Each structure stands twice: as structure tokens, then as C-alpha cells.
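Each structure below appears as C-alpha cells.
Below are two complexes that have chain A in common, paired first with chain B and then with chain C.
On to the complex of A and B.
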């Protein structure tokens, strides 16, 4: 995707480039026109100068002729001929200079005709002076009294000069207007480029500001996100640590309970006295190995049976005493009784009862039976 | 540098749980299952605290503690055992040999608190 600033600024730069190209083309065109104009001005001045030279040569030839007529000096004749030759040369140059300008060429042609006529006239007078004598010369000069032909030549040359000068004036005006146009073109181009550059600078600055704002917003968002991530990570770590601690605590509790239970079992089972755990109805719910060892009954044979199955009271009174002690939730120690084994034999023993409390309720009892080892063996 | 604690118990599960709990609190743990291992640790890297069981598989925890005390007389000792002693017994029979008695029915938090108190 093209960058937005490129999309916005590129047309402006293209416009600036187009203006620069236009101004450059106009400047080059103007330079070419100036060069051409300068050539034309030089050409026009040459025409004027040649026309002036032509006029001077015609006058010079005319003056030399008059001197020759008066003095008869061949040098003056030669000077007249030379001036006429120069005039012819000037005329030819002027013709050549104006050959591409029909109006001026026509004027020069007219002048050429007049100069040719004047040249023929002067040559005729010089011939008359050499051959015809003073009368013929006088007659020819009288025909030319007032120098009307010279005035016509002069007037024609002046008109040619004036027309050339008018052209120069028009050229100067055109050149001035062209220079002004060029100045306006250059200044307008410069101003437009400056304005467009300022506009593109503003667009770029605006884009930079927008990018800065965006970068700032992005950085803020990132910082907030990082802070949230850190916060969440810390929460998770704390939660994980808490769960780990709880898990360890639970493991520890379980193993402690298991250890304690095993340890307590070990103690109970290692007691040499007979231990019975009774329900509240005086039925056996648990016994230690000493019972099996002493009576021959296995645990499966006795669990669920009444205590009286193996422990009988020595008297009615003592049997009631055990039940009463349990009913009253109190201990009774060394109550005399008889321990009956699996074969039906009995041995004197002492029973103690301790109520089994679960919190504040009596749920059963623990009866320990100590066999009287001093008494004779089992009796049938 | 983290404090070094020597755990003496013959039950791997107990050692593992205690080591995990104390490691998570930043302590460095060494484990031993017998007096010889405990003495080796004490020799190479004297601990800042000893936590010992009482009834080990083949040995008496109090005997191991007495043995260690000859090398490390100033190191505090916690007796952590499943044997439930009466406070009076602890006071009169054990207090001269150990710094603290904790039954194994204590919570881990209580054990860690006792360790922290004695180490610092």
C-alpha cells in the first residue's frame, strides 16, 4: 500500500517540476528569440549603414564630378568614378541585405534605379567634359539644376532608413514586452514553486506530526500493555506460588496423617494387652493382634460380635458396671472378668473401659483386657 | 547468599515435600537419611539449621543431633517427628538438645515459620 504522504506530496512535486520545465522552456525560447532579434537588429543597422554609405558615395561622386568639371583634373574624375563604384557596391550590399524583406527590397530597387540613373548622368557629364567641351557640360548641368535627382535619392534613402528605424522601434517594443513577459513568467513560476514547496512542506510536517502522534499513542498503548502483562504475570506467578504452596501443604497434611495413622496403628498393635474398640452397643469393631494371639479368634470372627463373646463379666455386677460406665461416659479400670478363648476355655482377666469420644459425643469405647498371668491356665 | 538447611529423615516423601517448600522460600537444602550422610554434609558444607526426624530406620535422631552438635554447637536444630510429646516432656527432656520441637502434624506453614525464625 502506497504511503499516504507520498500520495499527497507526489502530485505537488510533479506540479513543481512541470512549472520548472515550463519556465525553463520559456526561458530557452526567449533566449533563442533574443539571439534571433539581436541578429535582426545587427542586420537592420547594417542596412541603415549601407544606405548611409550609399548616400554619402552618391554625394561624394556628385561633388567630385563638379570639381572635375571645374578643374578638369583627372584625379577628380577618378575620385568620381571611385565614388560611383563604391555606391554600386553599397547598393549591391544593401540589396543583398534586404533580399528577404520584400518591402525594403522594393525600396532598395527604387533607390538602385535612381542611383543607376544618377550614375549614368554623371558618367555622361564626365564623357562630355572629356569630349564635348564646356558647352555640353554646361547644358547637362543646367538640366540638373537644383539637384532634384539627388534630393530624390536622399529622400528614398531617408525613407528606407526611417522604415528600418520604425522596424527597430517595433522590435525594441516587442523585445521589451518579451522581456517583461519573461520576467512575469519567471516570477510567477518562482512564486508558484515557492507556494507549492511551502504546501508540500506543510503536508510533510503534518504527516510527521501525525506519525509522531501515532508513534506516541502506540508507545503509550505498548507501555500499558506491558504494564498489564507484567501485572497479569505477577498475578499468575503469585497464584502459581499460592497453588504450589497449597499443593505442598496438602501433600504434607496427607503424608502426616498417613504417617500418624501408621504410627498409631503400630503402637496399638504392639500393645501386649488385648485391645477392643467397641460400638456404643458394646459390639466389637476393631481388635489388636494380642486378642487373636490370646483367644485364637481371628478379627473376622469377632468384628460385629458383642464383647461378651470373648470377655465375660466375673459377676452380674461387673457386667453392668462396664455398660453403666459407657452409658455415663466415664472410665472404669480393672473390672474383674473372664477371657474366653476359641476352644471355650476361660482365664481370669481385668477389663478397663475408656469412652471413645468424637468431639463432644461418645460414639463407642476402647476396652483393654489384661490377662491375670498369675492365675492357672484356661479352664474348661 | 541463601541459608543452608540440612534435612535428616528416612522417608523420601517427607524430605521431598520439605525440600520443595523450603526451596520455594529461597533456602538451600541438603538431605541425609543417616548419621554418616549428615556428618558428611556438615563437614563439607556446614548448614545454618538442622531439621531432623526422631525415629529413623536404623538410628536415633537425638543421637545424630548430639553427634552433629559436637561439630556444629551453635547451629539450631528442629526436631520434626511423628511422636507426639507432652509440652512438659519437651520442656524438661528435649529443650537442652534441640532448639524447637514440631510434631509432623504441624502444617508446612508452621514448619517454614519455625525455620525462618531460627535461621534469622
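On to the complex of A and C.
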């Protein structure tokens, strides 16, 4: 699961990164434009330099021609030809430099026409100097008196230079505006980034404060919980001590009951009266040693047998009285009967019955039989 | 106090050490030697100029024998001589001149088509005397300007004749023009075409 602070701060950082990338792209773009601008400045200077060189070469050719006319020296003729060749080279380069600028290209074409005419004129004079003699040369030169053609070339070159200087001014202004735009771009980018960083810092600080508050609340809850746990532990310890005491008391009670039971058993087993424990159906479930002693039956022989196997009622009434007393859940004392032993002999006896209850329900009975010792011994 | 006496052995040793320099001074390379060299290649040509000095000349291009005799010259002397010598030996050569107005200087080289490289006087003392380049003038100019850590303004292919001492511009490429409008834009296609 993404942390809430990440969800809040991540877009801000992405925005900062986007601004940095935009500023970097703009800066690189501007560097490229600056290089292009620098190239254009060099280009403009180059046009001006070539135009100046062209003008110089035309003047140089003109001067060399005049010297040649005066001296007839072939070296001057060669110098004139060389200057014209240089002028031709300068013109070619100037044309190439301005071929993508229609206005300047037209100016250069005009200059080219004038230079071509001047070159033809100079070549014509050189030919005349070599073939026609001084008169022909003088006539040709007199036609060129005042050097109007040279002035036109000079003027055209100056106009070309001026238009190039205007271009230079425009490009300088564009370069300045471009630099200014770049400054604004960079500073706006920096300010935006600083603001966004401050915003992200505030968001992080806010999150830290929220976390601190949460941690404080958690600590309070832990302390309260610990206090409750201590309180509950104390209660449990007290309860445990009470239960331990109760267990001890119960143990002592059980021990006392066991003693009492043992004493009771001893009493039952030591009495001379015959004691039978009967089921609800009057069958023998337990008996005391006095029964074995008086009847000769072992316990195993009698357990599960009906009481009538050893104790018979003296009359029909007596037998019913025992059953009735058990059914009515009441005691019956000294009901006359006969005790029969293993040998088949009988002796008068008195039976008492005490019902055994589990809550209100009769589940059995205890029958005690007292043998009448005054009566004669067992009769067959 | 008497000065130290130089023995005959020491004299012989000094003479032995100086002999190669004396021979080199006596044996001056000529234009005719270069033209008649049967094993001439661009690299071999460059190897003759390793100890040449650099100096400008009042005239644009020196006479080849003067250049070789004085063992001093500049880029255009070297380029033009290479153009003449190698062209005679069947190599396709082109003279390229570039102008770096911002640096107030120009430079010239001789491009050898078979080698796809140009001979540059500034590299004469290096074992790698040929600089590989695309044949387009723009590419050559860019490479040369880079070696001067400068921007170039325009570059021209030209010819030169020792006989007439006249340079002829064949074509000129201007740096600020779109590369597609260069006069040689359609001449070189494929791997050798200029990229910008």
C-alpha cells in the first residue's frame, strides 16, 4: 500500500523534474540558437569582408592597369590580371554567401555585373595597350575619366555593406531578446522549482507532524493498556490466590469426608446387625461382614440376589410393608421376619428399612436386620 | 690554465653525428623529385614534410621549388603541392579552403578521394598525417574547424594553377545555409553524405 505522503509529494517532485527538463531543453535549444546566431554574425562579417576585398581588388586592378599603361611592364599586367582573378574569386564567394538572401543576392548580382563590365574594360585596355598603341589606350581611358564606374561599384558595395550591417543589427537585437527570454525562462523555472520544493517540504513537514501526533496517541493508548493489563493481572493474581485457598479448603474437606466415610464403613462393618444396601428393586448391592458371619453366604453369593434370599417376612403383611415403605419413601422400623442362612436354617429377626434418595427420587434402600438372640437357634 | 684538448676520436664522433644533417641540407628535395617518385602515395608525400617549418608568404601560394628549398610554408603551399603531385600520380584530389571568420583565419587542405581523407599541413609531423573525413565540403569544413576549436563560416572547393597563379572557385558551401542546398549536396550519397 502506498504511503499517503508519497502520493502527495510524488506529483510535486514529478512537476519539479518536468520543469527542470523543460528549462534544460530550453537552455540547450537556446545554446543551439546562440551558435546559429554566432554563425550568422560571422556570416555577415564574412560578406562585408569579401565585399571589401572585392572593392580592394577592383581598385588594385585599376591601379595596376594604369601603371601598366604608363610602364608597359608585364609584371604590372600580371598584377592587374591577378587582382581581377582575386576579384572574381571574391565575387564568387560573396554570391555564395548571399545566395539565400534575395535582397542581398540581387545587390551582389548588380555588383557582379558592374565588376564584370569593369573587368572587360580593363582587359580591353590591356589588349589595346599591347596591340593598338597609346592613342587607343588614351581614348579608352578618356572615356573612363572621373572613374564613374569605380564609384558606382564602390557605392554598390557600400550599400551591400550597409544592408549587411542592418542585418547584423537585427540579429544582434534578436540575440539580445533571445538571451533575455532565456534569462526569464531560467529564473521562472528556478522560482517555480523553489516554490514547489517549499510546498513539498511543507507537505513532508505536515506529514511528520501527523506521524508525531499519531505516535503520541499510540504511546498514550499503550500506557493505558499497560495500566489495564497490570490492574487485570493483579485481579487475576488475587483470584488465583482465593481459588488456591478454596482448593486447599476443599482438599481438607474431602480428606475429612474420606475419614468420615472410612469411619462409617468401619462402624457398619463392625456392628453385629446385618446391613444390606438394596437397589430400588430390593436386590442386594452391598452387605456388611455380619451378614456373612450370620448366614454363611459370601458377599459374592449374595450381591445381585433379592433380599428375600436371606431375609423373609414373617408374614405376608411384613413383606408388603417393606415394599410399601420403600415405594412411599419412608422409614420402617423393626418389622418382624426370618433370617435364612446358607444351610437353610432360619432365625427370627427384625428388619428396618431406610430409603436412599437422590434428591427427591428413591434410588435404593438400606436394610438393617437385627437377629433375635433370645430366640432358640436356627430351625430346619 | 690550458683549455681542454679535443681528441681525434671526439672530432670523428662529432662529424658522424653532424653528417646526416649536412647530407640533408645538401640534398634539397625538388618539385621534379616529387613528380617523378614512382612510389608516391598520400602518406609518402606527407612524410617528406615532417621537419618543414610554418610561415606565411606575402603571395598567396609559393612556387613549389621555393617551398621545398626553404622548407618553410603554410597550409595552402602544402595543399596545392599535394594536389599537383598526387593528381599526376592518378589520385583524385580536391583543394578545400575554409574560412573561420570568428577566429580571423582560413585554412586549406587537399582531400584525397581514394583515401577518404585529407592532407593537412598541421598534421605533417604526426605519424597519422591523413585525417579521415566524408568527402562532402561541409563535413570536411566541420572537421577542420573542430581541429581549430572554432566555427567555420564558408568553405570552397577550388583549383590552382602554378602556371597562371590563379585560383578558381569550383563551389562554395556556406555554414548558415541549409545542408540540403549545398552545391555538393547531391554529389555524395550513402555513407559519405554529409549528416548536417
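In this section, the second predicted complex is superposed on the first by the 241 of 380 C-alpha atoms of A that agree within 3 Å, B and C clash if a C-alpha of one lies under 4 Å from a C-alpha of the other, contacts with A are read in each partner's own complex, and residues count from 1 in each chain.
FYI, a residue touches a chain if its C-beta (ideal position, glycine included) is under 8 Å from a C-beta of that chain, and two chains touch if they have at least 3 such contacts.
This structure is a prediction, so every number in the text was calculated from the model and none was measured.
Trainee: Determine, under the contact definition given at the top, whether A:227 touches first (chain B), second (chain C), both, or neither.
Mentor: Neither: A:227 stays clear of chain B and chain C.
Trainee: So, does A:89 touch the first partner chain B, the second partner chain C, both, or neither?
Mentor: A:89: touches chain C, not chain B.
Trainee: So, does A:241 touch the first partner chain B, the second partner chain C, both, or neither?
Mentor: A:241 sits against chain B, while chain C stays out of touch.
Trainee: Residues of chain A touched by chain B versus by chain C: which partner has the larger set?
Mentor: Greater contact footprint in residues on chain A: C.
Trainee: Is A:40 touching the first partner chain B, the second partner chain C, both, or neither of them?
Mentor: second
Trainee: Of the partners chain B and chain C, which touch A:251 in the superposed model: first, second, both, neither?
Mentor: first
Trainee: On the A-aligned overlay, A:259 touches which partner chain: chain B = first, chain C = second, or both, or neither?
Mentor: A:259 contacts chain B only, not chain C.
Trainee: Once bound in the complex, which stretches of chain C touch chain A?
Mentor: Residue positions touching the partner: 99-102, 151, 153-154, 156, 158, 164-169, 171-178, 181.
Trainee: Along chain A, where are the residues that touch chain C in the complex?
Mentor: 35-36, 38-43, 45-46, 49, 81-82, 85-86, 89, 92-93, 96-97, 99-100
Trainee: So in the complex, which bits of chain B are touching chain A?
Mentor: Going by the criterion above, the answer is residues 11, 13-14, 17-18, 20-21, 24, 82-83, 104-109.
Trainee: Can you list the chain A residues touching chain B in their complex?
Mentor: Its residues touching chain B are 241, 244-245, 248-249, 251-253, 255-257, 259-260, 263.
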